[in-house]
Amino acid sequence: MTIQEFDNKLAQTIERLSDPSTYDVVCYEHRMGEPLPSIAKLKKIVNMVREILFPGYFGSTSLRPNSTRHYMGVYVDELYELLSQEILAGLCFECQDKRADKVKKHTPKAKDIAVNFIEHLPEIRRKLVTDVNATYQNDPAAKNLGEVIFCYPAIRAITNYRMAHKLLELNVPLIPRFIAEMAHSETGIDIHPRAQIGESFTIDHGTGVVIGSTCIIGNNVKIYQGVTLGAKSFPLDENGNPIKGIPRHPIVEDDVVIYSGATILGRITIGKGSVIGGNVWVTNSIPPNSKLVQSRHKEVAFIDGLGI
Amino acid sequence: MTIQEFDNKLAQTIERLSDPSTYDVVCYEHRMGEPLPSIAKLKKIVNMVREILFPGYFGSTSLRPNSTRHYMGVYVDELYELLSQEILAGLCFECQDKRADKVKKHTPKAKDIAVNFIEHLPEIRRKLVTDVNATYQNDPAAKNLGEVIFCYPAIRAITNYRMAHKLLELNVPLIPRFIAEMAHSETGIDIHPRAQIGESFTIDHGTGVVIGSTCIIGNNVKIYQGVTLGAKSFPLDENGNPIKGIPRHPIVEDDVVIYSGATILGRITIGKGSVIGGNVWVTNSIPPNSKLVQSRHKEVAFIDGLGI
Amino acid sequence: MTIQEFDNKLAQTIERLSDPSTYDVVCYEHRMGEPLPSIAKLKKIVNMVREILFPGYFGSTSLRPNSTRHYMGVYVDELYELLSQEILAGLCFECQDKRADKVKKHTPKAKDIAVNFIEHLPEIRRKLVTDVNATYQNDPAAKNLGEVIFCYPAIRAITNYRMAHKLLELNVPLIPRFIAEMAHSETGIDIHPRAQIGESFTIDHGTGVVIGSTCIIGNNVKIYQGVTLGAKSFPLDENGNPIKGIPRHPIVEDDVVIYSGATILGRITIGKGSVIGGNVWVTNSIPPNSKLVQSRHKEVAFIDGLGI
Amino acid sequence: MTIQEFDNKLAQTIERLSDPSTYDVVCYEHRMGEPLPSIAKLKKIVNMVREILFPGYFGSTSLRPNSTRHYMGVYVDELYELLSQEILAGLCFECQDKRADKVKKHTPKAKDIAVNFIEHLPEIRRKLVTDVNATYQNDPAAKNLGEVIFCYPAIRAITNYRMAHKLLELNVPLIPRFIAEMAHSETGIDIHPRAQIGESFTIDHGTGVVIGSTCIIGNNVKIYQGVTLGAKSFPLDENGNPIKGIPRHPIVEDDVVIYSGATILGRITIGKGSVIGGNVWVTNSIPPNSKLVQSRHKEVAFIDGLGI
Amino acid sequence: MTIQEFDNKLAQTIERLSDPSTYDVVCYEHRMGEPLPSIAKLKKIVNMVREILFPGYFGSTSLRPNSTRHYMGVYVDELYELLSQEILAGLCFECQDKRADKVKKHTPKAKDIAVNFIEHLPEIRRKLVTDVNATYQNDPAAKNLGEVIFCYPAIRAITNYRMAHKLLELNVPLIPRFIAEMAHSETGIDIHPRAQIGESFTIDHGTGVVIGSTCIIGNNVKIYQGVTLGAKSFPLDENGNPIKGIPRHPIVEDDVVIYSGATILGRITIGKGSVIGGNVWVTNSIPPNSKLVQSRHKEVAFIDGLGI
Amino acid sequence: MTIQEFDNKLAQTIERLSDPSTYDVVCYEHRMGEPLPSIAKLKKIVNMVREILFPGYFGSTSLRPNSTRHYMGVYVDELYELLSQEILAGLCFECQDKRADKVKKHTPKAKDIAVNFIEHLPEIRRKLVTDVNATYQNDPAAKNLGEVIFCYPAIRAITNYRMAHKLLELNVPLIPRFIAEMAHSETGIDIHPRAQIGESFTIDHGTGVVIGSTCIIGNNVKIYQGVTLGAKSFPLDENGNPIKGIPRHPIVEDDVVIYSGATILGRITIGKGSVIGGNVWVTNSIPPNSKLVQSRHKEVAFIDGLGI
């Protein structure tokens, strides 16, 4: 390829990539000065919240009795700054108002929401303590609570979920989803921030778990890796688009255990105290205290000449 | 342990670790100056391509109507530099020629391939737009196209796949696999870059999806988390080594939906418009418009005294 | 919200977050100067070990025949420094002794363990070579050994496992779990560091694999994505807490293959040379050379009007 | 020291450091959300301007004929973003208005100034080219123009000066001083941004050069290291404070050379074409074409028994 | 050069560089685990102290009335950690005891000194406020106190000096010198940490200022760039080595002004209220209220044909 | 300013900045793929050399007797890689050959020079040891050799000089000047890499020292801050350009001491053992063992009403 050809090829490609007619879907044309959500800052926010909730575990500094309050004060201050920025970015992203100065319009709301979220941190901590305790109780391999807080991916995923859920309750767009997807990427646990989850929630191993957006999960529920709490299907409107906002995921009542790989689909109810076996496929409601397993003797066969 | 013992132990271990006879497999003895593929640079390349394909979403700068072309120009320029380096690294890695100056030998080819790849970016963008639109249509939880582009792991995985596939078509060794594994690590979605996938492709949740190297997937296909499109077995040659390059993964025709956890194995065909239910195991071809589910009433049992 | 209200809200939240009565579970009150395990340093350690085991693949420098020994020397030296620090952090974390100067108490032990671990690196390398070779033999898509070492997530997971397992044998608390969870996060493969795994071990794709803490796996075993080697249930003590340390996961003998999504639970034995089909649920021991698959014709139904 | 004593001492010190009565001078109490000037961002701005002015020298990317315009476009865009932020920070810093929302008040002005500054970049480049040419002409050790642009601290200092001077002309507070002090720290050359300096200006070596705020320097002037163009004294007002804004530094006309260590003080004029010798102390005006040196034979003595 | 020759040359050079006989002076053989002073950490310490002394100026966070105490608390805590480490490094560096575990031996002392230093921070702040005020009073170009604190290199240099001086008073080896040299490198102002300097001290421009180790400087002294307060000569002992610790630098009494480039050498006294002109060379004591200048008419000559 | 105006102004400025006719001097149009000298890499090179020359002082790792050779081996290897790259960048920068592939043309030469330079490191170390010893002997404030190596800016400047001088002897363009300017920026000491400097060289304080490119300095010379060894003037060729390469700076023979602020100009000789006093201006040769000072009683006057 001559240098001339090379230059031409690149130049033509740049033209094609800059052609506005190809920008219908792909380009996000925000105005100058409007903030974009920043993955890096959201990561910082999540780490800061984790440090606030579990002081001494994730920070870089040793805590002394006299100094904890100071650390809380500083972390809360820094969190407020970062979080109100990201909330603002979320509000601007969704805002369709073409004429307004979006930053000016949404800044006060972003600040109020940030304060509101911070006020809920003690409650989020209280719930997470129940999750940590339940996880420790349920796992014979756990040596102590510290190991659970430090190492367990489920605690990480549930922490992100509880943050994201509160932000979504406060009507923050986009940011909750980001925070949930961060945990999804790190742990393979995909909890939609709109799902409602009670206390003392535990997930073991966790990879492949999916909890859909309209799920309602009670207290003291335990699920294993690969469990899906999903939708069966969803009604379409007259244009063939899915109708949004209809409850379409399961209700899981208190004290339920769901073993690995089970698939539970649709707006059904798994009754209090039930146990769902591994790899089971459930699309109907189950009464309380049921034990549901694969009729495994039927489905497994010894075969001599296996073709696999 | 005395300091003497300590020093001896470390010294002996260093000797053992440096023993060339242990290097048969583990050591990659490239010559000085030959580039190694760099994960950090490949990450930068993927981010740059993402910024080029979806301008305004992932970059650090706000776009104005007048300035988009400049950004495209600069990104293409930087991409060319980085990409030709990494392609060169891939070519050198695979090259068995012990005597040649590999860098000199492969540099022109690496540059040509980089230009070629860049020329295909508009086409890759066009296909990804179909994927984004299909994802939005198919997910009642998606608020807008922006959220899909920003947050959905499947879009991230499919973007990497479409990049990696094109590089593999251009005969770049090693690099496509790296790019695919990046997405695998981030999203739990494992698409072999050699697979052929049509337009308007959607993956929901995605963790645990496996799409094998000889798969052929049509347009408008949707699959859920935990779906395997795998090989049943593979013929061995006379030395007991697997014979490479034989088609051994499924063909999935247009408009097929495959629900979570389904396992589809071997060079079989899932006919156009079929629906495969969750957790199903399929090893035979299925005619068009089939609906295949677990015969779930049979396999599930209510048991009082469950042993699990 | 007035500035006054704003200040009050933040101040009250800081008080609530600093209330020692809420610190029962969540706060790790280590004394000043005691090291905390550092994820960043553990990542560095894992990368350093990977560079030592597979010289030339992951480092930033080209190797020449004369210089390999120098690199090994420096890497071992740096590894010793970093690793003894992290081991010390683990020992301090678990130590309940309230009065002792933990750093002083555990430093010599931490150093001894670090040396001990380093002495086992050649043996770890030897085992990993068997894993790499087996992976290459078993995957028709693998082009060469280098690709396997460079790109395959399973090799990454098994490397972390073999490191973590050795550290756990040397009675290091916490750190092995961290190292295992790193691989879990990157690859979706969750191998408990206490599991015992033989040579020539391969995992294909890997996402969703779970290998429990009391598993015993022989040589030349291959498993696919989504396979669970788990516990069925665990006996509780009189207080309702799980009894720790009882064998409760499967024994998998030599030459076994387990296909994707299979769930094998409890202290059962999968006999030598057996093949377990995909998505199968196994809770009883299986004799050698068995072939076990889903009785798939029974469980799959063609349905016209699918309700999913 | 007991832990109790230790804690008390730190706690008391924290109280003393937090005592608002000690904050009279030392504390900058800006309101939340108001930007502070950022040294890191100003460094980025200076580097970006340098890259714009001397394309190809300081950037990380190779330039091709077709691509320069794209780079200019992107750099200008990024510069605008960063610079308007820092100008805003400067305007807020100086603004005494206690009640206003300073960010809102000053943002439009900050943006206008940033655009204004950018419009002057071609003129700044034109002047710097004259400085570079003059430096090359005047230094027998300079191999080529590239070396001058790349390595000469004087070019770096004059670049910062020309930027800072323009910003100060545009009434930006604080930021010009920062930019000047950056160059001062890097090069030891201290040019006040308010000084007026003509074209083809050269400084050799430069360390210790001081050019005061009301200096006026013509075209084609050359000065050496350690030269001071300073003030003799300054009149005080009735409160004993220095009266600001009175011309009190020298006027140096065209084509003057001032050798190392010369000290020129007060609102005097060094006439066109004059040469001032090294280490000379000048406090009176000098007519054009003067040659002024130390009467060196008088002041130097050979002494046998030196007391130094 | 053949690869063989190349390898040999490098190998031989490595041998020569590793030859212990060449290590007499150049090698610092500290034992494993002993900390080395870290420039990066010392920079962090200096920045932290600057943030503590001038809250709101240098930190990354906005201060609110309620939150300042928290920031002080956290900064003091972090400072204590970092500083006691660096002090320990300094103590170990100087300690000649070959047998002791230096870390163990010096740790308590290092911690005590760190607390001691922190207790002096309010006093250091008080003195710096006098310096800032004096600088503002003395410079007609200074717009406000904030500009002085933010931008003036002299304040930076004096801050480092006041820190370093206190550490040296507390008998910390090496570290004070490092801190002083940092300021020297940034500002060109070289103040030996052992010098004693009163309140309301100002340095204008500053590059080239040297203040020797046994200087005593009163209150309200102002000096300009290039001023040397140095030693004339120093007595040697019988071995020809300089005798350490003898006063050999000037005493400068209150209210003295010294203009640029003046050189004042030896243990002489510059009397209260004196003014020393620029470029003057002084080696004898000067009575109070003296005005000393170059007899400039004598030493300057107009020359037509200048040879320079 | 309307958005339209704003866009137009930026667009016009971009056009003006991209106008090739303004690129005569300012643009460095290297071809794609040609390396540019990298300040960041040169800093790394200098730090690496410092670590090699003074093992244990600047590195991040503790040295043990057994491990020094390994560190030397690795540092030399890494230095070779980095240095040959930068030398190549320098060679390409100066090369005027428009048609050649400069990288290909100069790579072998760059590698040879890098090896050559590395071979001289032991000799550079030997000379620096003499400098360190002399510095310690000459400074009563120096506590030990370690402090000199660690903290003294002169050692830093002389180290860079000795590196740069050797590279210049090996005909490397541009890079030596960069390395010298780094030290100049950090220390205020400006030594031209072409100057020839003997052993046991010491500089005290150093800020403002200038040593010109054709200086020849003997052994055991000591100079203080602000000393200039410069050129008086330089002959011009028929075009008025300075004639390059003519000796025009002083020769300073062995055992000379030059006090602060002295200015020594032209190709004169300062005879062996001479002492030059502070602030003296010398433009004629001085015989051996001279003592030269300002006739200070003459030039200093006590004045009552000082006009400064």
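In this document, chain identifiers A, B, C, D, E and F correspond to the written order of the chains, with residue numbering beginning at 1 in each.
Just so it is clear, contacts are C-beta pairs under 8 Å (C-beta built on N, C-alpha and C of every residue); 3 or more make two chains touch, one makes a residue touch a chain.
Not measured: the values here are computed from a predicted model.
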Chain of greatest Cα-centre distance to chain C:
D
Superimpose the Cα atoms of chain B on the matching ones in chain C and note the rotation angle, 0 to 180, in steps of 5 degrees.
120
Rounded to the nearest Å, the gap between Cα centres of chain A and chain B is 24
What whole-number Å value describes the gap between the mean CA coordinates of chain A and chain E?
52
Hey, what residues on chain B touch two or more of the other chains?
10, 14, 32, 62, 64-65, 67, 69-70, 72-73, 77, 81, 188, 207-208, 226, 261, 265, 277-279, 283, 294, 298-299, 308
Which residues, counting only chain C, touch chain A once they are in their complex?
1, 6, 9-10, 12-18, 20, 22-34, 36-37, 93-94, 173-174, 177-178, 181, 184-185, 188, 190, 192, 194, 207-208, 210, 212-213, 226, 228, 230-231, 234, 241-246, 248, 259, 261, 263, 265, 275, 277-283, 290-295, 298-299, 307-308
Which stretch or stretches of chain C touch chain B in the complex?
52-57, 62-65, 68-69, 72-73, 76-77, 80, 111-112, 115, 118-119, 121-122, 125-126, 128-129, 132-133, 137-141, 143-147, 149-153, 186-188, 205, 207-208, 224-226, 232-233, 260-261, 265, 277-279, 283, 294, 296, 298-306, 308
Per the touch rule, the chain A residues reaching chain E in their complex are 61-62, 64, 67, 69-74, 77-78, 81
